[in-house]
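See structure below.
Order of writing sets the labels: A, B, C, D, E and F. Residues in every chain begin at 1.
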Amino acid sequence: MSENKQALIPKLVLEPIVRAALLEDLGRAGDVTSAAVVPEHTQARVRMVARQPGVLAGLDAARLTFRLVDSGLRIAVAKQDGDALYAGDVIAHIQGNARALMTGERVALNFLGHLSGIATLTSQFAVAIAHTKARICCTRKTLPGLRILQKYAVRVGGGVNHRFGLDDGILIKDNHISASGGMGQAIARARASAGHMLKIEVEAETLAELDEALAAGVDAVLLDNMDAPTLKTAMARIAGRAIAEASGGVTLENVVGIAEAGVDLISIGALTHSAPNLDIALDFDALV
Amino acid sequence: MSENKQALIPKLVLEPIVRAALLEDLGRAGDVTSAAVVPEHTQARVRMVARQPGVLAGLDAARLTFRLVDSGLRIAVAKQDGDALYAGDVIAHIQGNARALMTGERVALNFLGHLSGIATLTSQFAVAIAHTKARICCTRKTLPGLRILQKYAVRVGGGVNHRFGLDDGILIKDNHISASGGMGQAIARARASAGHMLKIEVEAETLAELDEALAAGVDAVLLDNMDAPTLKTAMARIAGRAIAEASGGVTLENVVGIAEAGVDLISIGALTHSAPNLDIALDFDALV
Amino acid sequence: MSENKQALIPKLVLEPIVRAALLEDLGRAGDVTSAAVVPEHTQARVRMVARQPGVLAGLDAARLTFRLVDSGLRIAVAKQDGDALYAGDVIAHIQGNARALMTGERVALNFLGHLSGIATLTSQFAVAIAHTKARICCTRKTLPGLRILQKYAVRVGGGVNHRFGLDDGILIKDNHISASGGMGQAIARARASAGHMLKIEVEAETLAELDEALAAGVDAVLLDNMDAPTLKTAMARIAGRAIAEASGGVTLENVVGIAEAGVDLISIGALTHSAPNLDIALDFDALV
Amino acid sequence: MSENKQALIPKLVLEPIVRAALLEDLGRAGDVTSAAVVPEHTQARVRMVARQPGVLAGLDAARLTFRLVDSGLRIAVAKQDGDALYAGDVIAHIQGNARALMTGERVALNFLGHLSGIATLTSQFAVAIAHTKARICCTRKTLPGLRILQKYAVRVGGGVNHRFGLDDGILIKDNHISASGGMGQAIARARASAGHMLKIEVEAETLAELDEALAAGVDAVLLDNMDAPTLKTAMARIAGRAIAEASGGVTLENVVGIAEAGVDLISIGALTHSAPNLDIALDFDALV
Amino acid sequence: MSENKQALIPKLVLEPIVRAALLEDLGRAGDVTSAAVVPEHTQARVRMVARQPGVLAGLDAARLTFRLVDSGLRIAVAKQDGDALYAGDVIAHIQGNARALMTGERVALNFLGHLSGIATLTSQFAVAIAHTKARICCTRKTLPGLRILQKYAVRVGGGVNHRFGLDDGILIKDNHISASGGMGQAIARARASAGHMLKIEVEAETLAELDEALAAGVDAVLLDNMDAPTLKTAMARIAGRAIAEASGGVTLENVVGIAEAGVDLISIGALTHSAPNLDIALDFDALV
Amino acid sequence: MSENKQALIPKLVLEPIVRAALLEDLGRAGDVTSAAVVPEHTQARVRMVARQPGVLAGLDAARLTFRLVDSGLRIAVAKQDGDALYAGDVIAHIQGNARALMTGERVALNFLGHLSGIATLTSQFAVAIAHTKARICCTRKTLPGLRILQKYAVRVGGGVNHRFGLDDGILIKDNHISASGGMGQAIARARASAGHMLKIEVEAETLAELDEALAAGVDAVLLDNMDAPTLKTAMARIAGRAIAEASGGVTLENVVGIAEAGVDLISIGALTHSAPNLDIALDFDALV
């Protein structure tokens, strides 16, 4: 089991999400199949098993899913979020009422498969650039309603989080700049208005824009769609005066070159909008 | 524009989802960048543009996103859900307050990119088997909180919907069968308990199980993980007595063989849990 | 106590309903009478008693009401949902803080009286036709916000449930038919659009309409407002090709004739929109 | 149309109730029948018609139901809440999208039928005692979640409202009295603790208890289960010193005698827990 | 510790308020500082201490705050709501996970400081007039969303509560009177329409208006902005026929004169809209 | 009217707060006084007037309050948030249904009075130090549920906002430091874990702690409870290397000295936890 756990999602925040997911699946009449077919007091024992290699994320959501269905289910975890999984690895053993296990199964696995998928993809990028100082970072390109969970999965996979929303950082993009009459004016307005705890990051599509941003003294620059050689030039100009984030069209193929250009962060929308599911399943062991 | 629209998501159902997505992004302080940088009454005109080929889905959600941010935004659509998109196609023109456009941009695109991604993947499967009678079908392997939207996108892409939850159909799987003491008993219990409007489907992993299910007179059979030759044998035994659904490990490579085996439905979890995002963006045309 | 329990309402679904009912009664200032008049630590013991004969339904809602007021109340049930009640029967003993008992009393009894009233009325119909194969069925004529509970009470009383909403079955009525240009077209459209797990039922007001529906191969027919002799003719024509549901103007007087005509289901709106309350009360035994 | 309208339910209060009722019926997939069968732009015109004589209540809820489904529906009312209805009376004409009309129909009628049923039953009692000074009054024996609507319907039917909850009046019952060590002490505690705007009513089962309550100077007395002669004696003792409310076992048979005994109020739980539905329906006139 | 506790806020009412306050502070990412800086299993022991003299109120809200953050925190209270506090007094000892303590600290203290501030201000007024029969009373001038808690704090400070909302009492002000064509008509309309459990209070700005109200037989009069001599005259005219409430411009300087004029109630908006915070803090004793 | 408006609260965020405030006041039965006393179609015209000098804040909330009660009310504003008010100044004219005006009055004024109170107090501090570079800043010592509105009012009054919650900035206090084994370690942990957009601020109670924080290279320092001379020394040591925030015991008396010591920010809990209400009222002009 891993030692170094990421900051968990507060239970107060997680519970309404899990509750809503269960209600979405229960509908109005509940699990009509289990209620009809499985005798009321049947007990079962199941193993939660990885069918694919990857990185585990979402155990808390899965555990809470089962507990909200039936607080009597006993769950013994064998893995922690962040642990590497190999096909066949047992993640947890769960025991208790058979109906409850079947009722919670799909929702729990939907959380686990999606979040582990994100952690796995993040980890693939993070491992590829582990020899550099760069870190993999998420974006606001998340699936509606799932941002907090998705950003948590990115952390579990070894990435770091960019802004959680429109309100916890200033990020000035090209449209902001044209709407405000130039980068200098945009940055000046931002500095005058933002609270002192908000950092200011500016998107630069060219080295000229980068120079302008650096001259204005921003906290961070988003180097948009620059290739590795351009990034190297950019880093030389930045010379430690701002945090450097590379973004745009990052793949497992080109990420190493980008990282080796010396940037601090590489942000990737695909982590949260296109990560494929990790296949995790429940095996019913024995009906006690 | 397409003629044949799918049943839309009722506005009463859609609005709370869009509202929650916006609040998730606005946080407590709202769009601090636009508020700081863009003058209050600046107007803008934007084009919503496809960056990749695919099938459009999610226009209603995107439109409602912008309207909830600012009811004064004028939106003129050039495409409809279900339309084929080519890279560069303009989907809609939106005009109005520049801050509002920037505030709503990301949430609107998050809906559009995800749902169009699902419609596109569904369409790829549907097109591949268009010469057969089989139809592509979704599962309950959806992302928490997004099931209604995801199932809508599957329909838009040319697929059909399986159960929306645990309550609108009886689906007896292997674990139900072992917990109830055999398939015959499980089906009998289901028939005795289910309302007359609920169909009964049973999972069969072998031809022997299929025979048992057919003998019990079920409405549908889920043929789990059978290869094409086995499916052909299965279809011969079914002989029109039940709806036949193939499931398990379906890919664009093997789907044609499965469809040509004669099944009625091919269900694919990846449609909703692993569809990559379709790249759609806003281009800011002119600041009026 | 009864052996054969109906599928319960999932606690995740029940709790928000009970919580809302309590808040409706507590208002802003809570139970001002008990708070003012009853010393804080007074204990009491009460018996929940039937004042009328009938069938019990709603124990879970009543129990949860008391528990949400004060988790320290001890509740020992002597009857189960579905049990026959005679005037004077003790349903449960509850013991604990006197204020809490008084605060929860009315809401708990409002659930019990209403749901037991429905179970009792359903049972009267079900008993009357027990010698036939027909079953008593509810409708969507339910009281707003109470559908899940009311449909549960129908099951407890020996009835079965029709659709829970507009989405878990296709029911084509006369207005649908005229709006779509004829029954054949309506059924064809429904078949093309509905998921494979949804059954299709068609309303027939005449034998001619019935023939048309049967020719189209529907799953079920709703025989609307037909008298017993017409129903007999109808059943002969159906000859097992579809589930037959009789509906319209059913009373305890005419239900036997309808059932003996051979229909499968008899649906009755009054079960859920007009069932009189069953009189159940709390007797305070002793202030410990 | 009636002149004298009762205080309406504030729209802020009504709308969440109607919205929840619609969502309860729409489920996850919405009105699948209309979506499948009725062409999208079909228009229809319907009449809302009484099938039984009674008193109308609930128009606002019905109107809001249709508007929340489709704000384009045009509704012209021919009757007002409180109006007498005869079988065949047209209550309203509604015109617009056929799908929307069918989608809203059942929920709108569920509100109307239930609330008109309450208004009708209340009116029957109120008319019977119109020659006396007594007024018909509701109780807290309401159906969970529907109290505000039910109490409104009682007013529409000519009744008056008792407490809306546990917090807007002090009502000391027998159990409160025994738990607090006697009626005198209970009343003294209530007076010391209650805000000055809360009235104090005490339940009296005997004339001796009545005397005790009057001696303590309460605002109102609830004369529980007394027959008409006893009520007359009670009224003589009260002699205008308190409001007199009769309660317990009131029927249309005995209500006149109770009213003629001179009481101010007659409270009847059945108004809200057992009023049968009033049959109101939609007739589809023409598909425009 | 005090003996005489006020009616507590029902937990069902309190919990959503506390939960919302915590979510307001946790935002999307939770307590990032504690998660980053404090090792996960660090234990701590803290004392909740008064930094100023005053009256304690809000312990239940503070306790629930900590419990919702971490149900494992152990809280031992040394004071009760209503107790006098001196600077340095220990209110409670709390022990448990250090992160949880830091996460809950600010929200808990925000409740405690505000509610104790109200109780303290109320108590100052109540003590000043303790030699009279008058009681200090709150108004509807409360802070949005906090009314129930604020009114509770007034009770804790020795005051009594006026109406909780627009619906639990009739209070006829000058604008009501002019809109209804005179005081007599206003009172007559109120009496005809209000339920029998609602009291009627009328605002009188002059002695002439007072006479008119008394002649109409109201339950209470609100003597608006009268000085002490006028109030004395008013009390002589009232002569016990109505409850007398003085209101308008009440300060600690003039309250004694008002109370000695003989009124029953003195209502003060500042109790709930302008009470300064009472300084209460957490001292971290030892990291166990 | 002022030119320079602060970033407004998004309507999506504001509306649920206003709606909840209205429901809190309407209770279950609504405005029973107006409904009883004021004829249904009476029109009125009112002026919203300042009774005290101050700074206006909260117009949007007040306006939305009236609109949610009755969308037909016409509101013409004469002042904007941020405008200086003198006693007698007319803030707005509102015209429409008299009942609606009376129903919305108290909630609208509760928002206005509280938020204007905060803006006024903030402005007093801001004006006092206008000759310095320091800015007045709020804290997380806000009233539960009102943080977003209170922080907006601080901005309107000329202040700036500190963190909105525990998640949009790292603020390391003394307890964090002791729990993590020293300031250096705490800052190192924070830097390793926090996203790149989060600033790190550290509390320093002594100059030694300040030196330690500066050595670690933090973004900002919170100089806790230092007197003006110490602050001057601190500023000399900081020498522009970090943002300097003074906090603790700030009053209108000592704020100038603190500001003149050269700090960047002065944070004051009293702005949001102890600002007295600003007296604003409605004058009913004429009943049209």
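Everything below uses one rule, namely that a contact is a pair of C-beta atoms (placed from the backbone, for glycine too) under 8 Å apart; a residue touches a chain by one contact, two chains touch by 3 or more.
As the structure is a computational prediction, the values presented were derived from the model and not from experiment.
Enquirer: Counting one step for each move to a touching chain, how far apart are chain A and chain D?
Expert: 1
Enquirer: Same or different: at the chain A/chain E interface, is the fraction of residue numbers used by both copies above or below half?
Expert: Under half of the interface numbering overlaps between copies: different.
Enquirer: Centre to centre, by mean C-alpha position, how many angstrom separate chain C and chain D?
Expert: 22
Enquirer: Compute the distance, rounded to whole Å, between the mean C-alpha positions of chain A and chain C.
Expert: 44
Enquirer: Going by the contact rule already set, what residues in chain D reach two or more other chains?
Expert: 7, 24, 26-32, 35-36, 103, 147-148, 161, 164-165, 167-169, 193, 198
Enquirer: If each chain is a node and each touching pair an edge, is that a line, ring, star, complete or other?
Expert: Here the contact pattern is complete, since every chain touches every other one.
Enquirer: So in the complex, which bits of chain A are touching chain B?
Expert: Residues 17-18, 20-21, 24-39, 42, 44, 98, 102-103, 106-107, 109-111, 113-114, 117, 140-148, 164-172, 174-180, 186, 189-190, 192-194, 198, 269-270, 273-274, 276-277, 284, 287.
Enquirer: Inside the complex, what are the residues of chain C that reach chain B?
Expert: 7, 137, 160-164, 167-169, 193, 195-199, 201, 220, 243, 245, 264-265
Enquirer: Per the contact definition, I'd like the list of chain D residues that touch chain A in the complex.
Expert: 24, 27-28
Enquirer: Give the list of chain C residues in touch with chain E in this complex.
Expert: 19, 22-23, 26-32, 35-36, 40, 68-69, 103
Enquirer: Quick one: in the complex, what on chain C touches chain A?
Expert: For this pair, the touching residues of chain C are 5, 7-10, 12-13, 147-148, 151, 161, 164-165, 168.
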